[in-house]
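In the part that follows, the structures are each spelled out as structure tokens.
One chain, chain A, appears in both complexes that follow, with chain B as partner in the first and chain C in the second.
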Partner chain A sequence: MGYALGVLTLSCIQGIAALGLAIFTGFTGQFSLGHAAFMGIGAYTAALLTYFAGVPFVIAVVAGALAATVISLVIGVPTLKAKLRSDYFAIAIMGFGEAVRVILENLQITQGARGLPGITRYTNLPVALLALAIMAWLARNFILSKYGWRAIAVREDPVAAEMMGIDLFRTKLLSLGASAFFSGVAGGLLAHYLMFIQPVMFTNVQSTQLIAAVVAGGIGSLTGPVLAAAIFIIIPELLRVANMWRLVIYGLMLILIMVFRPAGLMGYHELSLEWLRGLGRRNRRLTTNA
Partner chain B sequence: MGELKVFLQTLITGLAIGGVYALMAVGYSLVFSILNFSNFAHGVVIMLGAYFGYYMCTLFHLPISLATTGAMLGAGLLAIANEKLAYRPLRLRSAVPLYFMISAMGASMFLENMVYVTVGAHFFSYPEVFKGSLSILHAKIGLLDVVALCVSAVAITGLTLFLNKAKLGIAIRAASRDMTVAGALGVNIDKLLSVVFFIAGAFAGIAGVFLGVKYMVYPTMGWITNKAYIAAVIGGIGSLPGAVIGGIILGVVESFVATYVSTALRDVFSFSLLVVLLMVMPSGLLGKTLEEKV
Partner chain C sequence: MRDTMMLELRGVSKSFGGIKAITDLSMEVAEGEIVGLIGPNGAGKTTVFNLVTGVYRPDSGEIVFRGESVGGLPPHVIVSKGVARTFQNIRLFNNLSVLDNVKIALHSQPEYGLGAALAGLGKVAIENKRIVAKAREFLDMVGLSDRAKLRAGALPYGLARRLEIARALALNPRLLLLDEPAAGMNPDEIADLKELILKIHKDFNLTIVLIEHRMDLVMATCPRLVVLNFGTKIAEGSPEEIQTNPQVLQAYLGEDY
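Here is the complex of A and B:
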């Protein structure tokens, strides 16, 4: 029973991180290969605060998320200001993720590559569920706000959006900051659930898992990526698949989704009663809406 | 004298690795110039090229020249398969670049981890080839570096001639201007893209063999190709001379940073160079101004 609860807790945490990337990739249309680094920053900041300074858990997690946001702005301002194409940006943020890992591995206070053990466990299933609910509510409000609408406009057609007077730089930067905040919260929760963190947890593999969740869950959906993130945690646990096969399957899945159903599990839709009712008479517009 | 010796050695090493970067960067640029997206799966094609070459050398005991030819063929065919399976359906639907990138990312993850699962994470080293060294002005220069530089130069010159003189090369240049119009004027886009991906893959095969001989063969060696991508971006992605210049610049600069500053900082330095350069020149040194198509 404890094991099942643990898997569910991890699913909730991964769901929060997926929400963040959904804002950036699914709604703003930007590609990131380094969001795990923001999780890492959140995790380390929160863990160090509770571990060394005895800061209350909630404040530590929020501080970690804010730290991730600030760092995301540090990398986001120069790269987004330069109006980098989204693929240049993707590679720049990947290099940034590498740099974060190298720094975490070489700092004294993070105890290098060996990792930071002995973090108090504050995260459990109710806490993770509550956090997921709050973050989902925040994400929904963000998307429904005028900032969210601007982000969607940028995703659909950056040129037209700019002509309408939308500031591309500010919109993308805001999305990046918001998504880094979500990743930071997920990192902080993760650190206080696993009680041990290590720089290697926040590398490419984690970034690609998040991308896989967002793409499979559906571009332009919040509930889809959360669902997909949970499925990607739960199914390998059930099947006890080796980590490597999991990545092989994720890769294949990304191609298959792009080729056959770019909308993903529930692209441009949210999990709701209406969506479930409409499931039977789904039109083809979705799959051709490239 | 010692100063000059170190300088010369650093320069030649930089030029040699720069030549290999250029070989890889050409692959990114060719594909980009036509399909307008960054082919993140190019890295695994290079990695598998290195594996093909390695197995040709060890299993069939082929000489390195034949093994390289085999690696070129293998990697070329792999690149064609990649295009046909992962990009062609998107192309026919004229999907946005984001979808191409995700698909490329998927192909990269799939192939890299497939190697992990089947071959394992072992490091393999090629049989010893080009072991000797030349002595120029008292500086010892590895034979491998010289060979790599020469082969890269020949391959890239050959490609430039092909693109400028051959009928197919002209068709490729036409398609890079406007794929739709080229198609309407009677160029078979499907075949043309197979040729483009084959060339990119064949160059990846050569680069893979050189990387394998110089360093080792292992599943994550595709990481090095990120720097080739940086080289392509620095030179102006989509431009062939740009890819060569970017590759050479990056190789030489990295080599000097490694010698005179610090080896650990080398990679961080490359990424910073990329960001700084793009802030000043968003389309790279020789790139055309790029608006992302929607």
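Here is the complex of A and C:
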């Protein structure tokens, strides 16, 4: 039972990070293979604050998220400005992810590659669920506001968006900052659940898992990526696969989703009763036609 | 400065690699005018729009919008000063609804900040509702209100062009640039488009530059024409003057004329 609760807790935490990347990739159309680094910054900042300074848990998590946001803006300003080369950012963020790992492995205070043990466990399933609910609510509010309209316009057609008077750079930067905040919150929660963090937890493998959740969950959806993030945590656990096979399982799951639902689990839709009813209707129609 | 000038190009040039798309072009558009910009394919008409809207930076020369030099400013800044355009190859947000296309054009109007948006304050919903109502008014104006929920990409050609005009109008422009709005339309649709152009010109106090190959539409809407060929202005005047201008005939009919 404790094990199942643990898997669910991790799913909620991963869901928060996936929400953040959904804003940046799913709604703003910008690709990132480095968001795990923002989780790492959130995790280490929050953990060091509770561990060394006795800062209250919630404040430490928020501080970690803010640190991730500030650093994301530092990366974003020069790279997102390169107007004609949208791949600048995608490449820079990969390098950035590696740089964060190297820094974490070589700093005294983070205790290098061996990792930081002895973090107090503040995160449990109710805390993670509550955090997921709050973050999902924030993400929804963002997407439904004029800030979300701008992001969606940039995703759909940057040239047309600019002709609508939308500042591409500011729109992308805002989405990046927001997504880094979500990643930072996820990192802070993770550190205080596992009670131990290590730089290797926040590398390309984790970044890939996040982007996979967003793509498989569906572009233009918040609930889809949360669902996919949970599936990507739960299925390998259920199958009890060895670590080396996990990436194979992810790849397989991605291929299956893309074959059967090319727009992702929930592309352009949100998980709701209405949607489920619609899904039922569509399936019935398919079967009666056949 | 003559305050009646909406747009002035002063000796503007632009080349792409070796191709001189625009060479030393000067032209003026007075406030309230409808000016036709015509010329053979590849003459540089669309490039003029791209320069005026900041898509391209001029290599040399000056672009003045309402007395202010705007050459090389980013598009969103120029748009916010009051320039709107449509595209020769229609650029709608195809995956979004017809209504959302216009809503996005109104993105700068809701009066709330990021904090209020994140907190989901009541005024956010109220403001968003106001914007939706406003967007519907623009759809009404171009006759698309019964298709508000349709995916924009599913619109037939003629209606897609009208939606693009509605979206441009929602930006509350002073100067509207229309790039071949009649392309792909049948004669009935072109007649409707003519009415629409004249109506919005009057109702919104607009200044319009119209790129168009359909001479019936140009003659019916533009009291003054500017003719481009190979990136330079070869003639300027009323439709009657242009129709009999030997250089224009040569440009359109070739050297053998």
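FYI, the second predicted complex is superposed on the first by the 265 of 290 C-alpha atoms of A that agree within 3 Å, B and C clash if a C-alpha of one lies under 4 Å from a C-alpha of the other, contacts with A are read in each partner's own complex, and residues count from 1 in each chain.
Just so it is clear, a contact is a pair of C-beta atoms (placed from the backbone, for glycine too) under 8 Å apart; a residue touches a chain by one contact, two chains touch by 3 or more.
For clarity, every value in this text was computed on a predicted model and none was experimentally measured.
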Touched partner set for A:T79, first chain B, second chain C, both or neither: first
Partner chain in contact with A:V159 - chain B first, chain C second, else both or neither: both
Partner chain in contact with A:Y88 - chain B first, chain C second, else both or neither: first
First, second, both or neither for A:D167, with chain B first and chain C second: second
Which of chain B and chain C A:I211 touches, first, second, both or neither: first
Partner chain(s) touched by A:H35 [first = chain B, second = chain C, both, neither]: neither
Contact residues of chain A, present in both the chain B and the chain C interface: 156-157, 159-160
Residues of chain C defined as touching chain A within the complex: 53, 55, 74-76, 79-80, 84-85, 87, 91-96, 100, 103-105, 107-108, 110, 112, 114, 117-120, 124, 128, 131, 167, 171
Residues of chain A touching chain B in the complex: 25, 29, 31, 33, 78-79, 81-88, 90-92, 94-96, 98-99, 102, 156-160, 208, 211, 215, 242, 244-245, 247-248, 250-255, 257-260, 262, 288, 290
Chain A residues within the chain C interface of the complex: 137-138, 140-142, 144-147, 149-150, 152-153, 156-157, 159-168, 174, 220, 268
Chain B residues within the chain A interface of the complex: 37-38, 85-86, 89-90, 93-103, 105-114, 116-117, 226, 229-230, 233, 264, 267-268, 270-271, 274-275, 278-279, 282, 290-292, 294
